[in-house]
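Chain nomenclature is as follows: A, B and C, assigned in order of appearance, with residue numbering initiated at 1 for each chain independently.
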Amino acid sequence: MESATLIDPPMISPISPPPRRASSRVADSHDARERPPVFHVERLSIFYGDKKAIEDVTLAIPSKKITAIIGPSGCGKSSFLRSLNRMHELVPNTRMEGKVLFGGEDIYAPQVDPVVIRRRIGMVFQKSNPFPTMSIAENVLVGLKLNGVHDRAFLRERLEQSLRMSALWDEVKNDLHKPGVSLSGGQQQRLCIARAIAVEPEVLLMDEPASALDPIATAKIEELIHELSANYTVVIVTHNMQQAGRCSDYTAFLYLGRLIEFGSTTKIFSNPSERRTEDYITGRFG
Amino acid sequence: MKSSHKHLWRKTKSACAAVIAFVCALLVIAPLALVLFHLIRSGASAINWSFFTELPKPVGVAGGGMANAIVGSFQLLGLAALVGVPVGVLGGVYLAEYGTARGNFALRFMADVLNGVPSIIWGVVVYGLIVLRFKSFSAYAGGLALGFIMVPLVTRTTEEVLLLVPAGYREASLALGISRWKTIVHIVMKTASKGIVTAILLALARVAGETAPLLFTAFGNRFWNHNLSEPISALPLQIFSYAISPYDDWHRQAWAGALVLVVMIFLLNLVVRFLTRERMA
Amino acid sequence: MPVVASSAKPAVRSIIDRMARPSGVGDRVFKWLTLAMALAVVALVFLVGWQLARGSSLAIQKFGFHFLETSTWDPVAEQFGALPFIYGTAISSLVALIIAVPLSIAAAVYLTELAPIWIRQPIVSLIEMLAAIPSVILGLWGIFVMIPWLRTHAFPFLKKIFGWTPLFDGPIYGVSMLAGGIIIAVMILPIITSVSREILRSVPNLQREAAYALGATRWEVTRIAVLSYAKKGLFGAVVLGLGRALGETMAVTMVIGNTPQIRASLFAPGYTLASVIANEFTEATTDVYLQALFEIGLVLFGITIFANLLAQLLLRTIGSTITPRAVQ
């Protein structure tokens, strides 16, 4: 197998990584080795009541890279993602075992406040949900304002920064007072991304961010994700394999709550080590 | 053919049933038409400026109005809201956002049972609680009785309204690192604010027409109330005492008062309807 | 502070760090505050029970269970028996149910199954308007419009036809048990109709479709697929209406005649538990008198709680909880 070049790998036809990533790939692997992983997940298991959603997953999520979590529906991808910022606790009757270390600290330690964790680990959801009673500007800044930041100049600056970083500034800069829900679906999702990054998290978790969008909006989101990875670690759950192949640097394949394989995206898609990974990638089951 | 006869008979039965049901529906709304008709016929003539501005005149003297009753009703509603709104809304918040399934089931059950308690019982309760203790009828007592009626009502409707707010908004807010209580107050309640206001208005419309609980708490007053710890007049009370009196003039004023009260209540309901109209988004 | 290097500019970092550090106090306070308010409903139930029991304790001691069996109500001689009022409440409510239930359920059936779509919302709105009319105003209409008409037209007619039965026997005054029953019927029509509507609407369409598929007519579908499925819930709606009827005060007081007696005839004036409290509470000159009225309140509270408990149980077992709302 010629893994050093990027000719279409023999086994998978639909995957063709976007050309511009080719040049940065070699440099990336250098950087990744220098920066410690953002997350160390050790033997994580999550239970909803008696049902085991995630079983014994151990994984290290690299810093400032895009990690995709793929797998058939119901395999626990969302549960895993939500366990990274303690959002799965919102469901009653959940239990977890194992550890999730974020920058060396166990985020599930008893003295850790989930509220603080969630400021450092942001989340974007499948269905865009800008707050309906708020304008675009208010939506972006709500995380800051409700957490006690009132410096007007800073807020204005942050508003523009966040909207620029989510590629929305030019489209809405004259309509900042308009309701957040007056935007189109794709714009709303970018607004939610702006809202999430306004509080300057270190990580962005994205739960199928583009699955409810049309192809053009999806493409914009994917492009945005690439740009965001310069500043944030991105973990994205997607049921769309091609999207994972296009967007991510690393991929984790989950099946029935277990981690089957984790590695660089090129390797996973061109030369997976596990049989089941290969079966999933080639579409033998979905 | 026997079967087509049977079929015709079944179809006829069906058509008859439809007609009977339609007639029944008309009979259900007929009283509304009758009452409104007489309200307007008998009440409109007695409505004039003095009705809204003057106090009741002594027995036998013609004229006078129900100014104190109208103002008194508003005052009582204000007092009732002071009790009913905070307790009811916050109680509804608890039921919607916190609690266990079993605990909340019991609480809801109790609230629904309370909603069925006859309003006169609240009057008796507040009589024992306040009037006997302070040896006086008062606006406070009347307002408290009405407030007690409001509490389970506002609690349940607030809970319903909050549960309608999609979970996605709560999630998005919490994911931003906003604390739970701020999420509830600034995001959830704000989103449901129209519904909460509606719940309060509906409860106010309901207690605005209550007479029984006021009979021995607010008691009524032929003069202006200057002190909330004294008896106070209210529109329903005045209507009642005029209606059972033997004087024609007072009967006419009772009709007028009734018309004003109905208009007030219908207006409140219209406002609610306006607030909850489906926007063609 | 995390070990991970952050790309954020130092200035931004420090401002973010100045965000209010959550202490959890806000969350705890808010939760306990709302819990306390929610527990108010529990407190209220106990408050009512306690006040009524306390206010009637002497009378309970004095009269015991005879209170419920005696039919003498003589404040002067300090003889108090609740039987006439229990009778009055029971009969007037029964009459009201007999009139209102068929009409309400038929109307609910019409609105959910048979009516053209465009007519449904207007009729529903009108029923809601009827529900919003206060009891005292209905009573006003009762005194000056309904009673005269009953006295001059309806009652003589009934007497002509049914005068041979003890129910429609005796002199006609206008104010009567029957008038009380009719006016209560008008008051409970909206609630039975609207709750029945919700019940019928919650019957899954599959039931109807299955019956249609078998070739049933509209009425047959309604009868077989909908009404029998909704039986329990409809019964719950009726009991809810009964609960409302039992506690109805003002309109009844104004048309029932307020005479503590037990008569077979529906034309005879009567007295209900709620009415006697309304009329005589402020006139109660002696302690025993007042206590007896408190005891009447306790009896009324007891029977309405029972009826409402039953109604709530029935309505909840069909899966949905119908909030009575302001249509009460």
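Observations on the model:
Operating definition for what follows: contacts are C-beta pairs under 8 Å (C-beta built on N, C-alpha and C of every residue); 3 or more make two chains touch, one makes a residue touch a chain.
These numbers come from a predicted model, not from an experiment.
Centrality by Cα centroid goes to chain B.
Using mean Cα coordinates as chain centres, the one most removed from subunit B is A. Centroid to centroid, with C-alpha atoms defining each point, subunit A and subunit C lie 54 Å apart.
For the pair subunit A and subunit B, the distance between C-alpha centroids works out to 50 Å.
Centre to centre, using the average C-alpha position, subunit B and subunit C are separated by 14 Å.
In subunit A, the residues that touch at least two other chains are 115-116, 119-120, 147, 199. In subunit B, 179, 182 are the positions where the chain touches two or more neighbouring chains simultaneously.
Shared interface positions of subunit C, i.e. residues touching 2 or more other chains, are given as 22, 24. Of all residues in subunit B, only 10-11, 13-14, 16-18, 20-22, 24-25, 27-29, 31-32, 34-35, 38-39, 42, 86-95, 97-99, 107-125, 127-129, 148, 151-153, 155-157, 160, 179-182, 184-185, 202-203, 205-206, 208-212, 215-216, 219, 236, 239-240, 243-244, 251, 254-255, 258, 261-262, 265-266, 269 touch subunit C in the complex they form.
Listing the residues of subunit B that touch subunit A in their complex gives 166, 168-179, 182, 186-187, 190-191, 193.
Subunit C meets subunit B in the complex at residues 22, 24, 26-27, 29-31, 33-35, 37-42, 44-45, 47-48, 51-52, 54-55, 102-104, 106-107, 109-111, 114-115, 123, 126-130, 132-141, 143-145, 186, 189-190, 193, 217-220, 222, 240, 243-244, 246-250, 254, 274, 277-278, 281-282, 293-294, 297, 300-301, 304-305, 307-309, 311-312, 316, 321, 323-326, 328. Of all residues in subunit A, those touching subunit B in their complex are 85, 87, 90, 115-120, 122-123, 125, 127, 129, 131-133, 142-143, 146-147, 192, 195-196, 199.
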